[in-house]
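Below are two complexes that have chain A in common, paired first with chain B and then with chain C.
Moving on, here comes the complex of A and B:
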């Protein structure tokens, strides 16, 4: 017990040790008693964290372990190590099927399309709303931010009619354009925050040196605001990659389906083959995790609305 | 002579768009082609062509009212055709149009215009083919009020909202206090792991949990069986007493990471020396938390409450996949899955639009009321 206490003491940060010097001796004995509490508090904190993390990770672990075993093993014990060796066939079955790669291709097209078009349109709008003064600017911006209130799910029905009237059923553009439209308000709001934060002296200097408005936008603002653009692009990639509802309605042909529809169809077909379904799940989890590891700070920046910059 | 360019342009532009749109609509209708296309085409041509037309008109107008004569030009006095200000205005107008028109067009076509049309459809009994002709006034809304399933659905959505506010947000706050700051070793790893579910798509989350909640071999039943004595397996997704809590579990699992991130960002804005000062003055940890930290986090909390309320009304994918579209016996619906099943699947567009309009109205009223009453201060602070 004493040993533990002293290790905690040793890990105190420098500024807290500095505090001890400032405070008079009798308070410092009170602080020693406090340290004992600190050990208890640390244990409780770890207990809570470990419990919650275990609950949170359990389904993920089940999926991963399940995908490595046979369905029989999985049904007998949902949580257990693969005792009969790792069942690679679960994965190869999926990775060798054409429908998986078609779905991957469609998902990639949708994701790249949405992120690319969105970033171009949103940065242009955000620039106009933050750096160019024009008549009716506030009104147009308010109309756009009205869109923040209505995510795609809420407006799906009239949107479906609209897409049908444009003849975009079974067409990937019928996914890309509406997704761009619905992600546009949030992208613009974040980018606008980034653009506003860039000092106006820079703008004045550029104009004095003979830069046009668009020249300033293209040559100076965009390169400076690159972290903001990355954050917006990241959020759009995640949203487009995961979109399920719109493709469900708009795409009726199987060869147009993206991965979320692909896995639902697979689940419907092989629902009783637990191990196979979990293998599909794991195959989709891996790229998401890798992407998250590399883009963590951009995701954080994007989610906090550009307030917390990575 | 110097007439302000931009207001003139805007007015003529509006006129060009309206005339183009309505004109082509009439023309298309008389030639038995889709008047909708005419309207869109005309408005588009008016919007783009109007700019060019106004520019040309302005130039010729400038020639007409120009005061320069051959004598001036011979004398080397050459007053410019357009004043500097007008030139600047024209350049700026083109810039603004170039920047704003593409994005706003996409936004208008796929967000604003459909929403406006939905309000109109909700007064018709319409199957979604041809023009809506069967005007039924408020019949769709009355049918909605009388539908028992819809009442269950509404109560589900409200329960989901209440549970989110009472369980999900406090949980996220607790975890944010633990891993968001301080010097707990390993907090970065916990933070990473806790945020993992948010990264997966909702479809994946729902599929995993479908197996976790399996009535006989699922992880949930197995675990509870191991912990609790005399436990009998529950079909979480098959019984109406449990289905809402099952949905709530998955929604929390998937989305608490988002609130965690927001709270962690908020905690970074709490000045450390204020809490330290309170501690030195002898405040216990719960007093520091309740009197110093939480009040400083108020704006973040207000924001997460707002997002959480909207989010729980807008859940779709998780519920749709978990309950296979409203199982058991249509008690597992939330508003959006109800809309999907009763409005879209059978193409009862009029009825579905009524649901959508109700959802819009609720969202809008809540947003405006909440922002006006509680969040206005936050905006003012942010704008300072």
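Moving on, here comes the complex of A and C:
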């Protein structure tokens, strides 16, 4: 984006400069100074962007490079290139194991469950908090948004006891329900802002056209708030997909493990199969990446409230 | 098609009274305009009729049916909003068909009606577009189309022209007037713009602070405002007012002394005004009733004064002149050919046949 902008600027100034030469050399000098500033600014912009990208990408690159080599190579030179050919066996070993596919299935159940339940509950809650006037609305909303302050880890002990009380140890619901509970405040806060931004005249128009409250919610509000829903869904999918701590406590049976816990299977009694871990991490990243690319256009508008004029 | 009746309708939000004891009867097929400054209760009155606000006291009837507790969708009304309120995620076609679909109208009938209405409004080429791809004027037509496609008994329009630029607004005014003639349905139109009210309404209800000030035809409102507020609100530039005038008889004639100059009252008003002599009175005269001596109309009751020319605004077809006398400024509409210069004195002829007198205390017109 920045690159594109600066090219446009550069061509413009070049064109203008050609005209300016004929008219007055003074202006041309000013133009040149201006252009010099512009070039400098562009260089600085690129430098900063490259630096940030490098910091973000370094661990990813390490994982990818590590996954292409043997554990020995990795331990000798963590950031080296694969010199003895790419070790595809790292990947095939993982992809051919049954435990990987069981873990994938578990992860999918958790992710879809969390995101699905979350979206349904959060959109209905956000509707009530944004468009229905009732006594104590502000108070209840404040209590709910209080939930933003507490990460799951803080409440892990009482949470664990509760899950055990419900008999949900070694049950995927023992992961899904607490995750929904702890992500719900974020989702409601984001969606509520979205719903508030939808003009009340649209609601009036819908009622006059023949909608009930539920009809307005289903036919008008939800379709218009799609970017917001997509953003919330993405956040939930990523959170549920990457969740490590809760499954670690709740799920003791290996056949219930989601993907992040699967990494543990490469930690033997005598050492860690680093090459396999790296390949596993890369595979783990791919679905989240694909999903993000798919939902990316919604996420930025979704999180900033979006433009809803129409 | 149906008449609309407001019967002692009051709307309160806590301690705030938005509409006070409003009673109006709107016969079937009338174009009625609610006009007033912002916060006067005109939109609230309309929204109560639409069912979007609850009625605190009194009742509203559509036809013979009291609709106080009828849901908006069952009132057989359609509404055009200031922001148009088009559904942004639907095409123009779907926007127009939405209400009919919810009423389970057969698909074929919907299609016929939408296309017919779209053709009559000149928007048939826009049916596949979404609202954001339309210009302001087009959106406005779609909003009107969405309302008429349902063939409602009463049409409600809440400041539908406020978001249009000046030129489009003039076109849209004519377009809505024609639409009313063609459909023959009851139209209730809310605006803060007295020009819109005057040009479109068959009757105009002027509201202030939740109270009905006057309801009458445009020409009656203009010629016979029943109080100072209506007199000042209707007409542009606004009527000139002179407070604390003296009304007296001398030499067999009746005079008004504004404190700046003395004006002769037409004989036809003697009997009407005589009982009010000695009261505190406000004299009102519209700028168009003050002309340049060389260009005065033929059939007026002239009363000549002199004043300083303060500002002259040439509009092309007229000159709006700010006249000043001993610190009091008032406006006149002169013929554009009138030869006047800022800073000089000029004669000005008051057409006393169109004078107004108001009781200063009650603000009511003497009539």
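Methods note: the second predicted complex is superposed on the first by the 233 of 310 C-alpha atoms of A that agree within 3 Å, B and C clash if a C-alpha of one lies under 4 Å from a C-alpha of the other, contacts with A are read in each partner's own complex, and residues count from 1 in each chain.
What we mean here is this: a contact is a pair of C-beta atoms (placed from the backbone, for glycine too) under 8 Å apart; a residue touches a chain by one contact, two chains touch by 3 or more.
Since the model is a prediction, treat every value here as computed from it, not as a measurement.
Superposition of the two structures on chain A shows chain C fitting alongside chain B with no clash. In the superposition on chain A, A:178 contacts chain B only, with no contact to chain C. For chain A, the partner with contacts to more residues, out of chain B and chain C, is B.
Residue contacts after overlaying the shared chain place A:207 against chain C, while chain B stays out of touching range.
Of the two partner chains placed around the shared chain by superposition, chain B is the only one that A:154 touches, whereas chain C remains out of contact. Within the superposed three-chain model, A:224 lies in touch with chain C and out of touch with chain B [touch as defined at top].
After overlaying the two complexes on the shared chain, residue contacts for A:215 are found with chain C alone; chain B is out of touch.
In the superposition on chain A, contact is made by A:274 with chain B only, not with chain C.
Here the smallest spacing between CA atoms of chain B and those of chain C, following superposition, is 5 Å. Within chain A, the residues touched by chain B in the first complex and by chain C in the second are 308. Per the touch definition, chain A reaches chain B in the complex via residues 11, 13, 23, 41-42, 45-46, 48-49, 52-53, 56-60, 62-63, 66, 74-79, 121-122, 124-125, 127-128, 132, 134-136, 140, 143-144, 146-147, 149-151, 153-162, 165, 177-178, 180-182, 184-185, 188, 213-214, 238, 241-242, 244-245, 249, 260, 263-264, 267, 274, 277-278, 281, 284-285, 288-289, 291-292, 296, 300, 303-304, 307-308.
Residues of chain A touching chain C in their complex: 199, 201-202, 204-211, 215, 220, 223-224, 226, 308-310. On chain B, the positions that touch chain A within their shared complex are 6-7, 10, 34, 36, 92-93, 95-96, 98-100, 102-104, 106-107, 109-115, 117-118, 121, 128, 171, 174-175, 178-179, 183-185, 190, 192-197, 199-204, 207-209, 211-212, 217-219, 222-223, 253, 258, 261-262, 265, 268, 280, 285, 310, 314, 316-317, 321, 336, 339-340, 343-344, 349, 352-353, 356, 359-360, 363-364, 367. Only residues 47, 50-52, 71-73, 77-79, 81-83, 85-89, 98-99, 102-103, 130-132, 146, 150 of chain C touch chain A when the two sit together in their complex.
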